[in-house]
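Multiple structures follow.
One chain, chain A, links the two complexes that follow: it is found with chain B in the first and with chain C in the second.
Showing the complex of A and B:
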């Protein structure tokens, strides 16, 4: 049995808006094993990003985590103090967001922004002392000078930029975000995320804004980094193609719930939940010639007043009477394959 | 192959340069060559797709064809009429035949106008219908795109993205056009809704005999909907062929890397990856010769000197590359 790195149990998040209470996550549970790439896929508003934000405890007002547990390395993140969470964010769990321009500070250089993360989380006294002794020939130094410390941080920044294969890292260190292209900005974001060797890296639609050829470069980079750093990945996307190519296991989300969770190959070869099947039938393939697309009728429900019972039942081609009354639990129907549907009750 | 008479739209050596600077005292410092000598032929009743990455000039080309942007030079023939020779008034009449559906339905609809007013506006502007007749026509259009009477008096913000795109399509259909430019009509939509809109567009084309120019960066969608594909890179068409042919046998190195970069939703598929180095250069000062040569894995010495012409290498399959001559 593989070791569990992160376990999310019955997570509930509400957003208290003027229009009413939006039940963004309604009892989300999943496990992520150490060293795997776990995918979270679903359409706009299904709660993928809120799940990521909850893991980092970044759900802001009017949102609130009302129930559940998030166990990371045996400890419940929801019981941690804000100070303890600050320690964890960036050093143990890091995240790369969709739009780098909103998350990079426009008035700080790339180098300064990455250095900030490193200074916050890493103790570089040893490295700095070494620089002090070997390069400044100050053998008697007990404590590194500020200059040596700065140099140590700078080297780490450069190392991080080299890790993400940034061309000319020395130049980029002194550049501002607006001087970089979209792909380079995303590389800088990834460099920042991996600068403290996190155990768990979340990519929240990290390639959605990029062109396909640049997306390809970033995806290759992420796969390569996962192998080199040995970190666990959570990849959030709406693109089934990215899931198929990068993830070991995947959870399909619909309207704030997990509809199905299994190994990636299984999800594609034997999807069980009608929503997963509908989703796969609705995607055009660049490899196949004529395929009639079968759209899912209707649209994603309003989460202020979600449908009772199974949230998918109004759009489901196989809805039964029970579906509109009882919410189906996520249960294991075959080893490693969980589905929340009354068809498999 | 279709005969020459079937060509509904022919674009010859179209160029659009946007001047940089040149404001007040400042000297003009150069041009963004957004569209740089493009030839197109679109057959009646088909869907021609224009694919390329952001900044390649595909949207500018689409808008220039409709003369929403005045081209720098070139010719555009719609059913044999050179659009660039028409006066403003004549062009306005001509536009009844050619419409545009934009990427973002949110910004394409006026938030202060009801659906009825938005969809009916073209009919009012051209003095075609009013009063009860207008209402009847609008209702007919809404039904055509899968909406109904109950949606008539609502405002755009009350609709989901997919429904808003349906409203935009209804508006584009109001004047019974022959030709519609669809500029990334589904890229802001979720996949389940995207499929609804794609199927709707296909049905409309079949029932009304429409011709589409479908602009997109999504190759899966292009394969599903189009008959011909034009691949654009930095203001130039680099390859043109029938959809089946180009997906089976892409010739230009750019087309090949572009196609192999698309993530495919099939975990069992093993593909040879063609990785591409670098990023799209700026259209302000594009590379000399073939614009793709700095990123091209198969670049030769000639590529940096001579710009390759688009030429037919197989029947109906044109490519602009020195590898094929």
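Showing the complex of A and C:
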């Protein structure tokens, strides 16, 4: 039985807007095992980013986590103090966002932005003392000088940039985000995320804004980093292709709920939920003409007044009478394969 | 382009600026009604004396000729002779410019020292009592005319509370050796502590009055910039990296929000130079503004021209400083 790193249980998040209460997450549950690459897939607005933000306890203002548990390494993150959360963010749990142009601070150098993360979370006294001894030949020092500490941080920054195979790391350290290409910026953001050896790395649409070749390079890099650092990944995307290439297991989200969760192979070979089937039909096979792409009919529901019962029922080709009344619970229908649908209950 | 190349180009641009400013000031000041020859000769002088004075001042020549002669002398550093003081304008200006620079620098410091913290507090305590209080303060700031504020402050602090002196740059009873003309600097250089305290004491009310609107402007602008910056993605990332509130606000948010504030500070500096005409007059402050104001009243053409040109130079230099600061704050700007 693989060890569970993160367990999200019955997570509910509401946004209290002027137009009404947006029930963005309506009882989301899933588990992520240590060392795996877990995918979270779904159409835009289904709540993927809100799920990620909840894990970091950084849900934006009118939003609030109203119910649920987020158990990370056996402890409920929702019960932690803000201070404890701050220590976890960036060190144990790190995130890479989709658009490195807006997520990097335009007026700070790349080196500075990576260095501040390291300074905040890592105690580099030992490294700095070593530098003090070996390079400044100051053997009597008990506390490292500021200079040695700065040097130690700088080396860690360079190391992080080398890890993400950034070309010319020494040059990039002093550059500003606008001086880098899109792919390099994304590498810089990944370097920032891995700079403190996180156990859990979330990639929220980390390759969406990149062109296909660079997207491929970044995904390769991420897979490679996962093996080298031994971290666990959560890959958020709306692209089934990326899931197929990178993830061990996947959860399909629909309108703030988990529709189906299983091993990736299984989802592709034997999708059970009608929504998953629709999603898979919607991706063009390489041999197919793109024109025959079959979109799922209907619209993503409005989450202020979501459809009662199964939130997918207005678009579901197999909807039954019970579907509009009773919300289907997520249940295991086969070992390791969970579905929330009345067809399987 | 390198920074020094940019600097040279900017400094050279000051020349056409001065030509433009001089042309406009020259034309406008000679078009206003009034007879400077009559004012200079005295109200009871005979018509002959007035004509003689007109000739002596060169006012009988056609305007373009007058302008040409003026510019020729300007090239030799000669700004003509003041009609009011009967001394070379350049000498009058040399005596007075440190007073104005000292006053505007003090006002600018007050704007920065008060405006920026008020803006930060407002933004970080959005919609709390302290935010409302500082917004009311800034509303007062932008809506109160400075001459009115000056009179009210004089009434309260000088007449009734007797905390601050009514005018002048320093108590004449305190001897201060003039080295640079900047009182604060001179008293530091001569280690004259009483003079230092006394001149700062004299500076507070006029500098505060001059800077009051600026405090309000900076507070409002910084507040809205910071509120905007707080919703930006890079703040989200900084928080996701576990950065403490202090670093998020003072490093990530403030730095980005200061960029537009610096531009406004530059514009404000120009406005403040204009404000010195009124403030220096009300506070009997020996500076260029007061000199300029009485020059206008007395139709003292050479003095008006001199003050205007000097103000244009000060303004251009201030803008240059701000542009350099701007490049430092915003790495996306390169020359």
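To be clear about the criterion, the second predicted complex is superposed on the first by the 337 of 345 C-alpha atoms of A that agree within 3 Å, B and C clash if a C-alpha of one lies under 4 Å from a C-alpha of the other, contacts with A are read in each partner's own complex, and residues count from 1 in each chain.
Note that in this section a residue touches a chain if its C-beta (ideal position, glycine included) is under 8 Å from a C-beta of that chain, and two chains touch if they have at least 3 such contacts.
Given the structure is predicted, the values throughout are model-derived calculations rather than measurements.
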{"item": "First, second, both or neither for A:192, with chain B first and chain C second", "value": "second"}
{"item": "Which of chain B and chain C A:107 touches, first, second, both or neither", "value": "second"}
{"item": "Broader residue contact with chain A after superposition on the shared chain, chain B or chain C", "value": "B"}
{"item": "Which superposed partner A:126 touches (first chain B, second chain C, both, neither)", "value": "neither"}
{"item": "Which superposed partner A:117 touches (first chain B, second chain C, both, neither)", "value": "second"}
{"item": "Which of chain B and chain C A:99 touches, first, second, both or neither", "value": "second"}
{"item": "Touching partner for A:19 - first (chain B), second (chain C), both, neither", "value": "neither"}
{"item": "Chain B/chain C common contact set on chain A", "value": "none"}
{"item": "Complex interface listing, chain A residues touching chain B", "value": "43-44, 181, 183-184, 211-217, 219-220, 238-245, 264-265, 268-269, 278-289, 291, 293-297, 299-300"}
{"item": "Residue ranges of chain B touching chain A (in the complex, touch as defined)", "value": "53-54, 160, 162-163, 190-196, 198-199, 217, 219-221, 223-224, 244, 247, 257-269, 273, 275-276, 279-280"}
{"item": "For the chain A and chain C complex, residues of the former touching the latter", "value": "56, 58, 86-91, 94-95, 97, 99, 102-109, 116-117, 120-121, 176, 178, 189, 192"}
{"item": "Chain A-touching residues of chain C, taken from the complex the two chains share", "value": "232-234, 236-244, 247, 251-252, 255-256, 259, 329-332"}
